[in-house]
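Both complexes below contain subunit A, partnered by subunit B and then by subunit C.
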Partner chain A sequence: MQDEMEEIIIEFITEAEESLDKIEPLFVELERKGEDKDMLNDIFRSMHTIKGAAGFLGFQLIVDVAHASENIMKKVRDGEIAMSRLLMDVLLRSVDMLRLLLRHLKEKDGVTENVSPLVKDLGNALAAAVSKTPETGHHEKTAGEAKLPESAAPVIEKPEIPVMKEVDLTQAHAANGEQHTVAASAPPKQKETLTAALSGEHNQAPEKTAPANGAVKPDTQPQATDDGEPKQEPKQNEMIQSAKDNIQKAQNLRVDVHRIDKVMDLAGEVVLVRNRLLNISNYFDFKYTGDPMTEVLMETVSFLDRVTSDMQLAVMKMRMQPIQKVLSKFPRLVRDISASVKKDVDLQIFGEGTEVDKSVIEHIGDPMTHILRNSIDHGLESSEERIAKGKPQQGKIVINTYQKGNQIVIEIADDGKGMDVNKLKSKAVEKGLMTEDEAQKMSDEAAVDIIFMPGFSTKEVATELSGRGVGMDVVKTNISLLNGYVEVSTVKDVGTTFKICIPLTLAIIQALMVEVDGAKYAIPLSPIEETLKVSRKEIDNITGQSVIVVRDKICPLFELNDLLNTGTTGSSNEDYKYLIVISMGDKRFCIAVDKLLGQEEVVIKTLAGLDTTSSNVLGATITGDGKVVFILDVAGMSRNLLGITKG
Partner chain B sequence: MDPSAVGEQILQLVSFTLEKEEYAVDILKVQEINRITEITKVPNAPDYVEGVINLRGKVIPVIHLRKKFGLYHKDSDDSSRIIIMDINGITYGIIVDSVSEVLRIPAGTVEPAPPMAATMSSRFIQGIAKLENRLIILIDIDKLIGEAV
Partner chain C sequence: MNDLKMKILVVDDFSTMRRIVKNLLRQLGYENIEEAEDGAQAYSKLKTGGFGFVVSDWNMPNMDGLDLLKKVRSDPELKDLPILMVTAEAEKEKVITAIQAGVNNYVVKPFTGEILKEKIDKIFERLNAHK
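Entry: the complex of A and B
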């Protein structure tokens, strides 16, 4: 029973968090658009669900906060008071508080927050707003409710459904002593709201009412006989919740992510076995050509090959989620940041539907937040400055997400003042991050990357938002952890664009297999521009650094065994060398290897228990013959070899 | 057999040799014992990290205990073994010269390590077990491997 309770609470937390994620951007949009009935209803309903569920489970603090903000929402929705910045601020604060309370619940840290000041503020804000508008009577309110004419129709048609739910809810309220609050606020209102909300749902999916009804009925039956048993209350709540969910998203299934990861792991194993089988069958095909059984074997294996590829793709898709999950928190963030620096910012988001791997969703939020902060604080000018420059008063930030090949591209562009390359350089010299001489030699493109140096900041005084010299280097590290890279392009007085490129998935990659001194290595295919076979004579040497001209451009060249410290010299006597041209953002370099073995799909295995920070590998894989092969970290190499922090 | 009935705790250990010394670790740490398989070298790794092996689809690091203890190098031979251990939640392979036996000894026979010169290795010694005519060094494998890799 304890477990059951635990599960119900976890379920509640997840759903409440999802609701908050959903309504937060709505708040911000609402503020911009002004009145929007649908949006208000949406917010109101989510808030109400949270309150109801929390009430059944006895989380009084959550009930208090949700109730107070719900009161405001209700008056706004009914048109009694107008939305104002003050109201919005206090409502958003209540969202924050709800999040905090949920986190305490989740972590079971037993910390209790004092919510009474917030509840008081909510009450005060409401009172202040109400006093501004002429007081309307109770009856007029109900008239406002009846403005939804459709809501009445289904209730009449299928009266038993809403009524029954209503009864359920009130019962549960009573059982939990929650009725006190409800009764105090205004019981008739409460009922109306429920009816409206429920019938609203029926409107959305009238054809689904019948199964939903069926789902509710049998579950309420045993409840009646079992009455008085405390554990039934939350269960009953869950039933109502799930019945509602059935209506809204009958096509979705909530699965524990560990299960999916397990399937992912197994799929990886199958891929490895497939690769081994392919090797073996090729051997037999070679040895017993023409044997009918060999042909059957080849056929079977090639079928397995196809199915495995499909399965892999399907499993990968299971972990994909729309990037909207991350993007939805940005309108609020931008609103808060821009308010604190007193800038007027318009945030536009495109491509929220782009799907990325779950691990990407988890790690991309922080770097994007840093970039946005940076853009608002440093990038955009103040309104006066903008007007003086002849730009529109409102600054603009555009987030654009799209898929390009097997990469996801996220662009964050502002139309601010751009970066002053010379200022960047002189600051870096001032902070002792580089010498005057180095700064002089540095190209403008390279200089832009100064912002990613640890400890760099152009702000004279650290503000609350930025200026402490941490942030942009975190961006770079986080993104390279995802096996991706970030590029910056800036034009003075036109704006700055950050472009983040990350691979679609992190578990399986296409790789080029190479050989050096008899050892095999895998190089991720995505940053490889081309491979070349060159004669030794074409390689030049500039101040100790080998270089080669590739397509009219000078490209630094590194021997792979030097990079990996394999202990051998690598200057094999061959006249020809195989070069792999790597391009990371605007940086290009070549890696010389002994042999190119071909392309393979490899499963990345993490290296637990090994410190790989200096080893230039990002993981390992197991090849068809069961050998362990390291996957090289070209992003890390490019940082180490060409990074400006070198030396 | 029940330790409480005997009135004293019984330690179950797996013993192995390095050079001429006999060592032992808690049997609960040991997952399995394998012959030496193909080991892939790790680029830019400390020298006592022999490489990684494929343990049924899992890639696990392998530590050469001789090198870790600063003993002179000896090539692996037929009696060499890789002891697969779970150390702080991570699976490692440890190369030893040979694996001897499973020991059951009363906890009372284990004495704290004598205050030896402050050599690196002495920090990892849990105690020394005295059996009839041999001394077995108990290794705190969590400290030895967990700290350094």
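Entry: the complex of A and C
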């Protein structure tokens, strides 16, 4: 029972958060497009439902906030008051408060919030809006009612009296009071209906069994229904249709994410066993070629191979959610930020339906928020500046997400002033992040990446928004944690685009298996541009850094055993080396290994107690031959290696 | 008539609420409970037959509780199906409409299992008395 309660509470939190996610963008939409009955109703209903469920669970603070908001939404929905900036602000504050309260519940931190100032503000805002309404004359019906409060009120209130009483009686567990109360005080016409309804006569006609028979034999003569529709046939078709729709709807199942993760984990194990079986069967195929049982074995294993791949994909899809979940927060965010810096911003979002792994949903929000803040604060010009430049007064930010191969791409583009490369350089020099000389030599593309350097911020005075000590370097780090990377492209006075690329799934990846000094390693395939076999002579050395020319471009080269501090020297005396060309964003470097072993699907198992930020190791996996192999953290390497050499 | 094996349909768009109501019904000993997300879904479920009782929320997208009620009452196959409407305090003024439309009883959120039991008992007491 306790568990059941716990589960219900968790479900409530999730569902309430989802509702808030759904309505929050609607507020901004309302503000932009004006009042829309459906949207108003959606917001009202969500508040109402949250209140109702919270009431059952005894979360009084949530009930209070939702109730006060619902009161406003109800009046707005019914056209009694007009939506205003003031109402919107206070409603959004209540959305924030509800989120906060839900978070306390989720984290079970026992923290309580003082909601009374907010509830008071909600009440005041409502009162202010109500008192303002007659003057606006904007809603005719309301204005009419408001002009005649004395005469209108009793008419509305009368039916309420019996009902209120009945509720009281019910709650007091008075068994027979209802009918009396109703009969005593309701207006005559209603009295009749009510008495009938409550005593059940109206509903419980004596010919009770007749319709039931009708249901069994639908082909008895068509009956005229009350709403005057004599035909039964089309109705039935409609029914079948809607029943079908419902079958589709009902196929949504809410499952605890831990269960899915467990399945994911087990699917991972199956993949490992499959890999191992593939290896073994290849051995048998080689040793006992032509043996009929070998044939059967090969066939069975190849079937298992296919099914496992399908299963993996299916499990992966279970964890995928539309990125809408993250994007829906941004209209509100952009509204608030642009208001605080007094810029007029139009946010356009595309590709909300793109599905990404749950962990991406959880971790991509912060970096995206940061980029958006940066774009509004630094990227877009003020309205005056824009007009002077002959641009539309309203700044534009476009978020576009889509899937490209095995990657999810998220683009955040503004049509602002673009980045001034020279300014970035001189700032970096000033801050001691690089020398004058380095800055001179730096290409424009590389200079744009300066914004990702720790301790960099271009604004003279750090504003409240962007310059809060966390720089864009955090964006980069967060995205690397998802095995992704971020690129920037900028054109002066045209705008800046941030492009985030993240692999589709984080748990199972395609990897290139390599060998150094007899040890095997796995390198995630997605950032690998190409592999090369080069002679030692082709490797140059510039001020202690090995480099090699790859496709006419100089590329830094690192020995894998140096990167991993294996203590060995990479001593193999072969004349040839195998190079893996890694491309992370605009950064390119080579990793030198002794042997390339081939491609394998690996399941990432995190290693407890390993400092993944400095070890260059992402995790481990078990290979087809049953050995534990480290998976290299290429994003981390790129950060550790090139971050240092540049700075 | 009020037998614990009867099939009950719980209608609410908020799944937590469905679960809470289901839980309360289970505590009262009812086992055969199905769910629907809105009036439209509820209606087509009801049309499949076999339901003995409906507990429906009022505020729902697509088809709300009142419309469901009206639709059921105007359907010759379903018109006698007992319906208990779940309402919030703020909707008291609307209850009158529901009663006119033929709801058997209503219950105000939040309610306990006892209140629910009382409401259900009362509905079936009346139904049986008028048989």
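In the analysis below, the second predicted complex is superposed on the first by the 518 of 647 C-alpha atoms of A that agree within 3 Å, B and C clash if a C-alpha of one lies under 4 Å from a C-alpha of the other, contacts with A are read in each partner's own complex, and residues count from 1 in each chain.
Assume contacts are C-beta pairs under 8 Å (C-beta built on N, C-alpha and C of every residue); 3 or more make two chains touch, one makes a residue touch a chain.
Just so it is clear, the structure is predicted and the values come from calculations on it, not from any experiment.
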Subunit B versus subunit C as contact partner of A:S615, first or second or both or neither: first
Which superposed partner A:T354 touches (first subunit B, second subunit C, both, neither): neither
Partner chain(s) touched by A:T490 [first = subunit B, second = subunit C, both, neither]: neither
More subunit A residues in contact [subunit B versus subunit C]: C
Contacts of A:K605 with subunit B and subunit C, given as first, second, both or neither: first
Which of subunit B and subunit C A:T369 touches, first, second, both or neither: neither
On subunit A, positions contacted by subunit B and by subunit C: none
Complex contacts: residues of subunit C adjacent to subunit A: 13-17, 19-20, 23, 36-37, 40-41, 43-45, 47-49, 57, 59-61, 73-80, 82, 88, 90, 92-93, 95-96, 99-100, 102-105, 107-110, 115, 118-119, 122-123, 126-127, 129-131
Residue ranges of subunit B in contact with subunit A within the complex: 38, 40-45, 49, 51-54, 57-61, 87, 90-92, 145, 149
Of all residues in subunit A, those that touch subunit C in their complex: 4, 8, 11-12, 15-16, 19, 42, 44-45, 48-53, 55-57, 67, 70-71, 74, 156, 159-160, 162-164, 167, 170-171, 173, 175, 190, 193-194, 197-205, 208, 211-212, 214-215, 223, 225-227, 239, 242-243, 245-246, 249-250, 254
Of subunit A, residues touching subunit B in the complex: 269, 272, 519, 563-566, 605-612, 614-617, 620, 622, 626-630
